[in-house]
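Order of writing sets the chain letters: A, B and C. Residues in each chain are counted from 1.
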Amino acid sequence: MQSLYKTSHLLDTEHLSHKELNLIFDLARKFKNNDTLGTHRGTNVGFLFHEASTRTKGSFLIACKNLGINVLDLSPQNSSFVKGESLVDTAENLIALGVNLFVIRHNQSGIMNYLSEKIDVPIINGGDGMHAHPTQALLDAFTLIEHFGSIENKKVSIIGDIKHSRVARSNIHTLKTLGAEITVIGPKTFIPIGIEKMGVNISYSLDTILESDIIMALRIQKERQLSGLIPSFSDYASCYGIKEKHLTEIKSEAVIMHPGPVNRGIEISGKVADSKNSLILEQTTNGIFIRMAVISLLLEGNL
Amino acid sequence: MQSLYKTSHLLDTEHLSHKELNLIFDLARKFKNNDTLGTHRGTNVGFLFHEASTRTKGSFLIACKNLGINVLDLSPQNSSFVKGESLVDTAENLIALGVNLFVIRHNQSGIMNYLSEKIDVPIINGGDGMHAHPTQALLDAFTLIEHFGSIENKKVSIIGDIKHSRVARSNIHTLKTLGAEITVIGPKTFIPIGIEKMGVNISYSLDTILESDIIMALRIQKERQLSGLIPSFSDYASCYGIKEKHLTEIKSEAVIMHPGPVNRGIEISGKVADSKNSLILEQTTNGIFIRMAVISLLLEGNL
Amino acid sequence: MQSLYKTSHLLDTEHLSHKELNLIFDLARKFKNNDTLGTHRGTNVGFLFHEASTRTKGSFLIACKNLGINVLDLSPQNSSFVKGESLVDTAENLIALGVNLFVIRHNQSGIMNYLSEKIDVPIINGGDGMHAHPTQALLDAFTLIEHFGSIENKKVSIIGDIKHSRVARSNIHTLKTLGAEITVIGPKTFIPIGIEKMGVNISYSLDTILESDIIMALRIQKERQLSGLIPSFSDYASCYGIKEKHLTEIKSEAVIMHPGPVNRGIEISGKVADSKNSLILEQTTNGIFIRMAVISLLLEGNL
């Protein structure tokens, strides 16, 4: 994977083949079933989270602890490591300190692709700008395969701010690799021009979810600058929020997903989040096993 | 304990029977004597400290490490986990991540009682508003029993801002359960109306401590809004601060306690804090064993 | 060492004999070669970093983990431990919590000397004001001895803000103990009056490095108040920055060092930092082994 680089990394999902996806899912399944303990005692993983995160960070942290790995959290909020130093210098110094793998989150799209050309240890992208969030897409796909067996030809709706969503982008790549049929849904300001070139359908109406097998709501990034893109959060909720009434309208076997944290009452209502159709907590749980699998495979040079 | 709830929790000391107190103290004693190692390897404990703390947090941290427990510190200063999510959602997601028990501190009194109705894993209250701080009361009682054997009929003075003190409230419950006779001491603005209904005496003069076996000074919360309640800290110190001269006036076998951190020269003078009557450092040390005991008992379903 | 105090500490390098330096280096070498695993499982080390740090902190953290030591990071950014409490009270309470050794960084010069008179567990100075940074000096000397075998009579240039540098001060002590000949280089405002009494030469010109075996650039502390001392950073860089052209002018076997983090283009250029003469990453790596050695020796009472 990523043969462009000196070392294997997980920077996006675009370059992951169906076979590589299966490799990851098989190992995640083993971890989940406790078949394999996969210890990497003595290994040091460096966390560089340049954007706030704890769902993803907490999940990576437990994944590392389960594998017996030491975590060095050198995220800027915890540290001054990065001040006055380039990210490359920081990474090289951490390698000199014994770091064997990095998990990085950064608000600049593509920064890890640049970094990966400079250093020799694997990088896992924990989310970069609007570019990619590969482990989220992997855990979503893993959860769906666990639920449906296969998602070939399943109809997927992805609802929300597709334009600014790295989760959407990474999910589109894996879901297409796995043979699903994708429609992105949102107001025009949220649909990037040319998205159809990724092989997805476009809809501006939430009615599309009535035909879907998989309904994936994206988080509205309250903290991001959205002024002008939507009139208000309540307006968005009224047009694109999944509400209790939808539960009787969608296919009974349809599943509802959300990468979290959920803004209840905006993207989805509390009743929907807690309904039997919801896979939200399964997503969280599976995140640990997917991250254990990816870390293991990269450390062993098997990805 | 707390049969109101689906799972056992430690939310206050009000509902702890004498028998349950002994159960906790017996296990704490075993941990202190290294009789029992009580390992819970593979267990994940989530820390949610919504108020600054490190004495309590550090003590819980060492308790967890001694038990082989992984700690996930998702306190808001470290994390954005809670942003845009209710505490219930946060907790449910952490449970999905594998958290087996929570230690929570929060400035809202009673919030953990609400949370405990919603989730199925044990919660330990690390202090909530002006309501309760059960592990502090347990470690205080444990320290006293270790020192005196029994505290039945011992005279206890609790001095300070009784009104706003969760430490006072939790201590009153355990000390009464253990048969002690309690007097609360402070300026009128610090004594809550109706406190005598808890079965305690009231005094407005520090002279009361001359008859006491146990003298417990509370911390003046400098960071809280006290404007109007007392004229000044030095005024408080002059009327209610325990000073060197008291050491010759109090019973020679009387003990002096403080939950820490001590404002030396306000609640008690440096000489008093360091005197042979002081149990302050014993309190700190015992905190670890009490917390190990409570965590163990809750994880094993034995409380 | 430090027989002034009740317990051994590492507060500066001034009092370390050549024999004691060798003791430290020998153990560091063993750790580096994996000859000795030196486990201190069950030991608690308290971190009190009152100044931002992560290179040093990360290095101490890995050193502790390698030794099986629990780290309690009670640095003020993580904690409120210190609020309203003197450093002595904080330390005593941490000792009561089971802390066996402290690593402290503080902006007040000499504060640890004061603290060391009051408490009974070893303190390692992780940098105090403009006074000392002993583990940095030890890792620098270790790196040089590893490289050269001996540094007796080697010519060392230390370039930068000597006046405000604890790194310079600690290095001067160890390098002189090991027999090196030292010149400090910088603008007059950076050279403290009377520095020649430490047995060093003074130069105001970077040309001096052409004769040096060891060229040590200090970090310009951008975050410190430098107004007035130098006209601008670019001015400093043009007069005292080590640039690519110097690589052909200095002795071919000369080595270039920097305590990090490097301000590339100010103290040294990127080409110089990455050149074959640079020992910068070796310094980082060796920091772990030096810190393992110092922690081990102090815990065992052998220093």
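Observations, loosely collected:
Definition applied: a residue touches a chain if its C-beta (ideal position, glycine included) is under 8 Å from a C-beta of that chain, and two chains touch if they have at least 3 such contacts.
Because the structure is predicted, anything quoted here is derived from the model rather than measured.
The copies chain B and chain C differ by a rotation of 120 degrees on their C-alpha atoms, rounded to the nearest 5. For the touching copies chain A and chain C, the fraction of interface residue numbers used by both falls below half; the interface is of the different-residue type. The centroid of the Cα atoms in chain A and the matching centroid in chain C are 41 Å apart. Counting partners per residue, chain C has 78 as the residues that reach two or more other chains.
Within the complex formed with chain C, the residues of chain A that make contact are 44, 70, 72, 74, 78-81, 83-86, 89-90, 92-98. By the touch criterion stated above, chain C contacts chain A in their complex at residues 52-55, 57-59, 61-62, 65, 77-78, 222-223, 260-264, 273, 281-282, 284-285, 287-288.
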